[in-house]
């Protein structure tokens, strides 16, 4: 299949490599060209302009946030202006529900097809073709998107007709992870002060009630207060919680844990945690209990990972 | 081994049957004798008084709450007065950390041995010998308790020397489950109002991020708003959250999600949810979002399960 | 002084009448002209276009929200395009801090002067010249604005040089009122269920600790669960809390009570409270306690007041 | 009138001096006798035992907490055992609702009369006879208590027949003050980071919306982060919030702000704020916003005031 791909962060680049290995013809575009050139050896064609990447059956966008997607799609000579009628835009970025709605409406108006398909998983899962794709849109469009999505995903889920529903699922999933982090942080603050080794507690609960990788991963990080380097940086955590709250506000759904999470992320960032993993909010529970200082990225110079979840 | 067993609710009775099948000699006591008599056919000896059940190498208590344990242990002719020096008291009830401390101190003073060993799992898991035992106390005492605990448990964990640390782990584990219920309730309130079928969302997240039985079980209950009959009734949920908060207060550990859970349970009970499963707090998120009425047990006459978790 | 005035809701109209009585020459503009015509008898000159109201020494804007202000100021032939260089724009609307910043920058760029001067008080206070004006901007500009502000205010406060600081004060003041409403709601839910007449409690605390009109006013409304007609409607309450949270988010200031208030307003609106006074969030505390139904505007057809606070 | 008085902290001693000046005959008792002796010069008779202070028409208890009251009332040769039938016990301590209920029942059973009459105000107000007495009990009993209460109060309020209702009012009043402190803390964290001088904000709101002494007092303390010496120490704040939550839990009344306050006090105490004024919880909002360190009493050695509110 003839595929355009826009947005070559760690996630995007890994997804492109999977597409190439699956035999697709892939034209890539990135704002800073060096990341595109890095894929030449894998067989990618490098586009100088967004429009070139849109000469395709389908174009995938995998960008950082609403602003980046708006610029690439609605900008002059952007996706909307360049994609042929009938061709498919697959949006895999973690964006707001409202923007997904706008994209759906805009593409419909000009006769382009649109599938929203955010993914669960980190860059290493993308590299291994082990992401989970959460797709929504017209069933026929999602079927057309399947060969693309399946190239980097271990499983694909169909949510509903309205594209933005996939974004609701993605944001709600990330909300559940963040909730789990906060709850673990509070539990570990308690067990630690009670004289139970945090590691022992994590071992017990992940061998019994919560036998799931996500509990093991974050349980270990929190038990060891190991918040650097960031797998998914705190500002991205704030962004996703904010997007969930924003979708919920539009529908008038109170979400008290989400409100708490937002406050936690603000406190973390206000106190210098910009570069830490989002699980560092769990360190605030320990700090409030007087067991530890506030986690702060100021102490150790480090690179923030750009891993998408 | 010569074992006394006090407290024959659904959990206790199942544990006794496992002990008998494992070849232990078990003398059982219950405040209302009929539950004890029901175990005669399985080979149990029925005691008329607490003291008789204490003529044993070890006596297990599996009672409803702090009040019941205090009465049985500290009462006239209770466990403390009756257990031989050097014999072992294994406390498996879900009780407060403070009471576990008092029990440890009281037994030590009179030369009895004490192990705190609450369990994770419901009555059917007990029946199948599939509980998880969380044990704390002197290592030698926990070793002595092993044949008893292993009779009804698939796995046994050692926490620390101080017996009450096992109770901290138990309460923190239940807190994590309740946190998950609340978070699921909020997420489902959002996805439902967004036009995503709750069942679809639960299928997606339990196939991806949260592939654990506890998410599947509660996800299904909440997606279907099926809160009766109660596997673990709401008042027990409130009790456990309160015990976690109480332990945390003594150690000065703020736990904002636990505070929220307490408020949720109070709201549920204030509005008639006494007989519902504790997962019914998730229904409050939907009610706050205007998607459903407040869950209430008043409408359907039903029996509340006494399942311990 | 030659004054333009844009935005003739109940607040705006009352302010104009005060300006006229103080001897100013006032040219008024409103999107729907009938409200402007209603002021003819008081001596106002009616403008057909925004630009006409800007042929003045100072133009006051008193509009519903950010959107309305943006349209009037930045729109074609709007305030920005029409106001003479050196003339003064006094913004009294309750708008976001971010918009106040944008306004300040935009006016500065074209050589116009800008004062942000939101007010505390309801329409009847405006009518009586008893508002409180909270002004920020260059000291000389605020001095120039003084004769305008003093026409409808009993007192004028100077905040700081940066105009948006006045909006921070306004939003923070409204946040304090909303916090008080929530706290009163919780306290009254408790005293009511304890057997104390709500009215008695309100009398006691407003005669002792909280001898302030705002406690008396809202205490009475909440004690009597009298939430209609709205003096300040719930959607406006949500708007103001959201603006406070938004300003706080930009500066990374966690405000847990503000988060709670946001959730309360969402719950109120989700359950049909659109037309109620914002103090109806206090009814949710009683509803959660099982003492009352959720307040809902559906039952009684009524007009929502547009009173600004 | 012949009055016994038990509990001679700063509040109790001041109340005794007022009683003496009003012409009552007062026999005082304190656990540590020196505080009693200090009142000799004012005309008090010093009792060696509780029983002596109970040879009176009425005995007032003004003690630190539930434990102290239980010991003095229910202990051997305590108030219950010593007060003549028909004589009156006036309980002015800030105690739990549950204990007030127990006291009422116990006195009734032995034919003694009981009035619960906690007060609002600090020691200096007691000294000046400017407390507010909140009384509940049989109307005739409160009438009998009037000359006592009026000796140290500027005003007396009657709540209801059941004595414990006065305690509900007292605890709810203190909850409202603590809520105001938290709200002020959040607002000041925002305005401060926005570039508004905290003092300016406090001046504005106390000249407009919140023209009440309690806002001025606490507003000043918080604006200046002046939390020592404590007028009412943080542990007492925690105690009162806990008592309010406990009463609310018994009646199943969720109080989310009270839950937040409890978490704030725990965080404050966990981080070394034991000796600070309870308004120091407002400093946590600033600390979370990164504007200040966590308030801690470790830095400045100081005496904690025992001022009752």
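Going in written order, the chains are labelled A, B, C and D, and every chain counts its residues from 1.
Just so we're on the same page, a contact is a pair of C-beta atoms (placed from the backbone, for glycine too) under 8 Å apart; a residue touches a chain by one contact, two chains touch by 3 or more.
Keep in mind it's a predicted model, so treat the numbers as computed, not measured.
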item	value
Intersection of the contact lists for chain A and chain D	B, C
Pair sharing more residue contacts (C-beta pairs) when A-C is set against A-B	A-B
Chain A and chain B: spacing of chain centres that average the CA atoms, whole Å	37
Gap in Å, rounded to a whole number, between the CA centres of chain C and chain A	39
Where chain D touches two or more other chains at once, by residue number	248, 252-256, 260, 263, 266-267, 270, 288-290
Interface residues, chain D side, partner chain A - complex	263, 266-267, 270-272, 288-290
In the complex, chain C residues that touch chain A	242, 248-249, 252-256, 259-260, 262-264, 266-267, 269-270
Touching residues on chain C, where the partner in the complex is chain D	97, 120, 132, 134, 155, 157, 159-160, 162, 164-165, 168-169, 172-173, 175-177, 179-180, 182-184, 186-187, 189-191, 193-197, 200-201, 203-205, 207-215, 244, 247-248, 251-258, 260, 285, 288-290
